[in-house]
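Have a look at this one.
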Amino acid sequence: MSYRVREIALAVTIAALMLLLAWRTTGFFTATNLVDLFLANLPTMMIAIGMTMVILTGEIDISVGSIFAICSVVMGECARAGLPMVVSVLIASVAGALMGAANGGLTAYIRIPSIVATLATMVALRDGLRWYTQGAWIQGLPQQFQWFGLSQSSFTELCLAVVTVTVLLGAAGLKHLRIGREIIATGSNKAAAHIAGIHTSRVVFGVFALTGVLTGLAAALNAVRFNQVPSNSGLGLELKVIAAVAVGGAAITGGAATITGTVLGVILLSGIGSALTFLGINAYWEKAIQGAIILIAVAVDALQFYRRDDAHTLAA
Amino acid sequence: MPMNPILSATGITKSFAGIQALKGVSFELREGEVHALIGENGAGKSTFTKIVTGALQPDSGELVVHGQRVANFSPQAARSLGIAAIHQQPLLFPHLTVAENIALALENGASGWRVDWKRRHGQARELLHRVGVDLDPKRIAGSLSMAEQQIVEIAKAIGADAKILLMDEPTALLTDREVDHLFSLIRQFRQSGVGIVYISHRLEEIQAIADRITVLRDGNTIACREAAGIDRGGMIQLMVGRSLASIFPKHTVAMGATALEVCNLSNSSLGLHDISFSVKKGEILGMAGLVGSGRTELAKTLFGLSPAACPIYLHGSPVQIHSPAHAISLGIGYLPEDRRQHGLILDMDLGENMSMASLDSVCRLGLVHREKEASQGERYIRDLRIKAAGASVAARTLSGGNQQKVALARWLAIDPQIMILDEPTQGVDVGSKSEIHELIGQMAERGVAIILISSELPEILGMCDRIAVFRKKTIAGILQREEATQARIMALAFGHPDALAQETVQA
Amino acid sequence: MHTHLRPKFRLSGIQWALLGALLVEIIVFGVSSPAFLTWTNGMEILRFSVELGLLVVALTPILITGGIDLSVGSTIGLVAVTFGLAWQNLHLSIPAAAALALLVALLCGVVNAALIASLNLPALIITLGTYSLYRGVAEGVTHAAVSVTGYPESFLRLGQGYLWSVPIQVFVFLLFIAFYAVLLHWSKVGRGLYAIGLNAEGARYAGLPVRRYLALVYLLSGVVSGVAAIIYVAHLGLAKSDLGTGFELQAITAIVIGGTSVFGGRGDLFGSVLGLLFLCVLQNGLHLLAQPSEATGVLTGALLILVVASDLLTERMQAMRQRWARWRRPLLIAGAAGAAVVAIAIAFTLRSSRANAGLAEHRPVIAVMPKAKGDPYFISARAGAEEAARQLGVDLIWDGPTSLDPSMQNELVESWITRHVDAIVVAVANKGSISTVLRKARQHHIPVLTWDADAEPDGRDYFLNQATPQAIADTLADEGARLLNGKGDFAIITGPLSAENQNEWISFIRQRVAERYPQMKLVTVLPSDDDRDKAFSQTQNILKVYPDVKLIIAISAPAVPGAAEAVQQARSKVNVIGLSLPTICRPYIHSGVVQTIVLWNTRDLGYLTVYAGWLASQGKIPPNATSINAGRLGELDVRGSEIILGKPMLINKANIDKLDF
């Protein structure tokens, strides 16, 4: 499988980066730092799993940042209202699911191109949230909000478990569940999928809703790292997530992406930011380096034999 | 052998956007029968196939399967009734493996939420073995060659345990050995009571395998005969409806100097090798051969869509053609095989389509002169007798024949010196067909060197001065007009020396 | 079906509807807001639409080919910065600097063109990469902080001047519209672009030079973004790396609303310009009606969906029922007329209700602008402002930018000038760019005050000084020194790298430390982008990379709790001080992680904005006043043109519980 080429290339790049860090810095490879990095990039990782599936079907979702912000606020409001933490997490996830479902409905059933539909929801949701909160933070949260009332390390373990399960379920689902295969088939050749009896509309709707749920869950987990909830989190999150999935080898036209690639992409792009600080390189260059990575990753694609346009003769 | 009909179609009609593809087709398939469906290109065979497999709904008519009348037939319903099809164009998922492609076609909505990879791989291996091919089921479909893709399609159909199997040009891309094996599979199916609809242009194949033959012409069922009781000449007569001579009036043209010459041409990316031929001004060189034998590949090479390894000689001088624009500037035109995708831009209007290869001639200072373009369009509409309301209707609204005329007009507008025509009358009604032939003849009279690629042997035999027969991406032989017969062409195309000895067609 | 303009204009259904909606908009705003239908306001709408409009015009052909270019906004930032630095640091003349800048713009276009047209890579991802890369280079080169101002008058005229009462850049815009109209709708290249969008393979088979045409449009897009950048700099009088943020999505929104399909092959320039006008008028009108900026966003999103959905719907209807197609246009016109009637009715109701609310008496309107709406610091100020407004019986407009882009503050002030509010009180984000428009306000006899951060002195009547930047910096430095006993390493966490007054404080801190505490060393300055979570991770990084740091000064309100949380979770002994609000720092002050925060009563400050604004509008501040009576704040000192609120306050365990802002 040619995906392996991309994944290997990524793994090598990450290894090279780590070697550089190990050689030139101290403190990067401590447990605390790695844990901190993990928690800080948990949202990116969780949402990227969903985004991988969206991109597999040949669509895109640029509204995840706005959904994240709203779900964070929902989480805070529920907790402030005195609801038990589990219920709050559930409600936040459901809120994410609903917004994801809206995206899915617009794309799959009303047939608005996903880039336009999610552009519209991105803007409307974020501004709507700002209108509602007027910028105020959510404060006065109960004691057991932070870390669900657990100790810091237990919370970290919980998050690790959640992320691991999500990643594994995502990878396994795509490989071993019928619905997973349908996702890939839909993006690979929608016409053939239709003929094979796959309900492509339902599949597309489903991946958007799933991404919404993951976003909501990620928002909840992220919110409880602190004791207050700001009202404008997740700025630029969609860019991070899409970049990670693209760097991970996904074809934007659909049908080609792997969870492994995405995970490696998230690790590489998230690691860069922190690596810069540790290496003493100015923070100002972070965006430039991330942009360059995206370009290189995709340009390398051009060398990949398999994904040339000739493959489209199959679908004709 | 039992004689019960398992599929019976009566009075099927179907039209698309005002074009009537099927005017009243009747067809009956018995259990354990191989029933061939033949007809010219555009006679309606593919449309009928799609209706039987549930991909299209007929406008009227009755379809009875296993004694039950069916209405609102969906592909899933067709599958559940045991109908499977092997299409001309493989419809695979390029990113998935062979095994999964087969599985998705067969699993169809059933069997739970978990995927059993072991079963899938085993199933694929077994089916491929039955087809008699050594293909790794783990290969990604996107990396398969066209022939390999078709094999996967065959495997899908076999696995579907069909009771009714439709095969549309199944041997187009197969080697002789693979064809033999396929035929023995077909005989096995027949033995076990499966009814097979066999669609093909290859008349000797049909003679070899079919029990009955139904002939379609212009969307109508013309005849249904026992295979034993009709020979190829009779088949052609029924398909065409008139004697050959009257359809393809051949102009006698004085030929000029060599316009195009090709010496040991090869194109590694398309698989072409050792191609040599020449075309004189005013000459019509036909190119015959099975689908995939390299004719369109050659056309693409000549037209600059794919680079050749060595130069082509235009009027004696060597040139390397590196793009279609370059080819056009050298006076080469190419009417592509796929009219809807490549020959026209369907959503643009007629004037725009016709001027597209010669924009500079309707431009002033780089700006498009609309009136000039429109009047040019009107002129062609008149001269070519294109049935359209005017030059500003969208190309999509025209019938196949008229669309082809528009596509041809595009090339007439560049006043080419060399014209490559790839299946110019495929999917075109008979009236337009003869008009197009007339236009081709006129071009030859004007001194254009013409390459005519066609799968319709009568057309090639009728129109061409010489015929180059392709086989396996190279030229197997070039026949002069006088010595060319369908049998000889087929012999070269198949590489069967025995075929030369067989009975020839009454022309 | 026709894909583009013919010599006689033929509008698609969507464009008719858009035209109708635009008219409705104009009527509604015109009726409910008297200042809307004036020449000046119209010209200002045009002026503000030029930079975005240039992008709209350059992106339309790209979308028509079925592609996309997300990097145009970032190109603006990079080119602006190149221009500014070339002029300021390399001492090139303005034309030479412009030429260099346009060269960079061309380069940006070349990169996109090479990757997309030649290598055939997907435009969405490539331009996502260049979106990041170009902005990143702009930030890297300027350290995101540098902001070049002080351009000569002659240059600024390009962006701020008039020619025959029309803003000069509008002429440039018209030129480009004409160029693109010819290119897209009359030239053979344009014909080719539509063909590529409809069927790229088919275009190739017809001998059209597909790659060349695609390369051309992406190249041009870079160049046009460059032109937009230079005009923008002239417009704001400012060159900074964050110029153009968010423009690409706005441009695409306008283009899609105007009827262009993202799949390609369909759409035209007229529709795009209509879409642009529609959105600009919407924003302007809402501002004039004192509706918050968020309304624009929500409405735009809803509109985008409505437009595309209805377009698809009518297409499907047309495909299914030929006879309905005949009725489409009359129905649309009828629908538009009906909507117009409804809108007029609403407008009149709005207007009369506003009149009633004012008891037929003209209530003074005080317009106050925070630096950013999402910052808790400004939210607490708002509470005070509303209090003063209630007390004085005046109308308060509280609105501010929702994005980083500096032009938003200007645009808002412009609309306030048009409305002729009674006083404008602005917390300045970009001194250089805002001063121009503030001076204009003063010319219109609207009293202008600044608060939190000052503009240029001739741009405002008074500055509400809660503390000078120097005083703030000194207090922080002194407090830090106190905690460190005068020696040790420390770090600073700031807001966005480009925030002007934070950068001012940083330089004053450096100065103070150099003068008085030579044994203290500033090891790093990291940005938090006013994001609490980011301040958290940055602090974690500091604790690991610079283990000798003993003190962190966080000078952005959301950053203090973020930094404190990181220190607390790491169980570190590092001190955290900064500038923030008591309410969000309370738990950390109680736990001792944060020793002190420096602030002033933000609610009082907010109160003062309205009160002082009101006093100024009523002419109640005599020219040489040395003090004013500020309501419940009592007597406040006036020094020159500065009204002093008080000294910065040190908030710590002792007094935090008494404060509730």
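Each chain carries a letter (A, B and C) given by its place in the written order, and its residues are counted from 1.
By our rule, a contact is a pair of C-beta atoms (placed from the backbone, for glycine too) under 8 Å apart; a residue touches a chain by one contact, two chains touch by 3 or more.
Being a predicted model, the structure only gives us computed values, none of them experimental.
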{"item": "Interface with the most contact pairs, given as the two chains involved", "value": "A-C"}
{"item": "Chain centroid nearest the full-protein CA centroid", "value": "A"}
{"item": "Between chain B and chain C, centroid-to-centroid distance (C-alpha), Å", "value": "59"}
{"item": "Chain centre separation (chain A, chain B; CA means) in Å", "value": "46"}
{"item": "Chain A-chain C separation of Cα centroids, rounded to whole Å", "value": "27"}
{"item": "Contacts with two or more other chains, residues of chain A listed in rising order", "value": "none"}
{"item": "Where chain B touches two or more other chains at once, by residue number", "value": "341"}
{"item": "Of chain A, residues touching chain B in the complex", "value": "1-2, 175-181, 184-185, 187-189, 191-193, 195-198, 255-256, 306-307, 311-316"}
{"item": "Residues of chain B that touch chain C when the two form their complex", "value": "305, 323-325, 327-328, 334, 336, 341-349, 352, 356-357, 359-360, 363, 366-368, 370, 392, 394, 410"}
{"item": "Contact footprint of chain B on chain C as seen in their complex", "value": "1-3, 6-7, 182, 186-192, 194-195, 198-199, 201-209, 265"}
{"item": "In the complex with chain A, residue positions of chain B that touch it", "value": "55, 75-76, 79, 89-96, 100, 104-105, 107-109, 111-115, 117, 140-143, 146, 149, 341"}
{"item": "Contact footprint of chain A on chain C as seen in their complex", "value": "68, 115, 119-122, 124-126, 128-137, 139-140, 142-144, 249, 252-253, 256, 261-263, 292-298, 300-302, 304-305, 308-309, 312, 373-376, 378-379, 382, 402, 497, 526-527, 529, 531-533, 536-538, 540-541, 544-545, 547, 558, 561-562, 565, 569-570, 583-584, 587"}
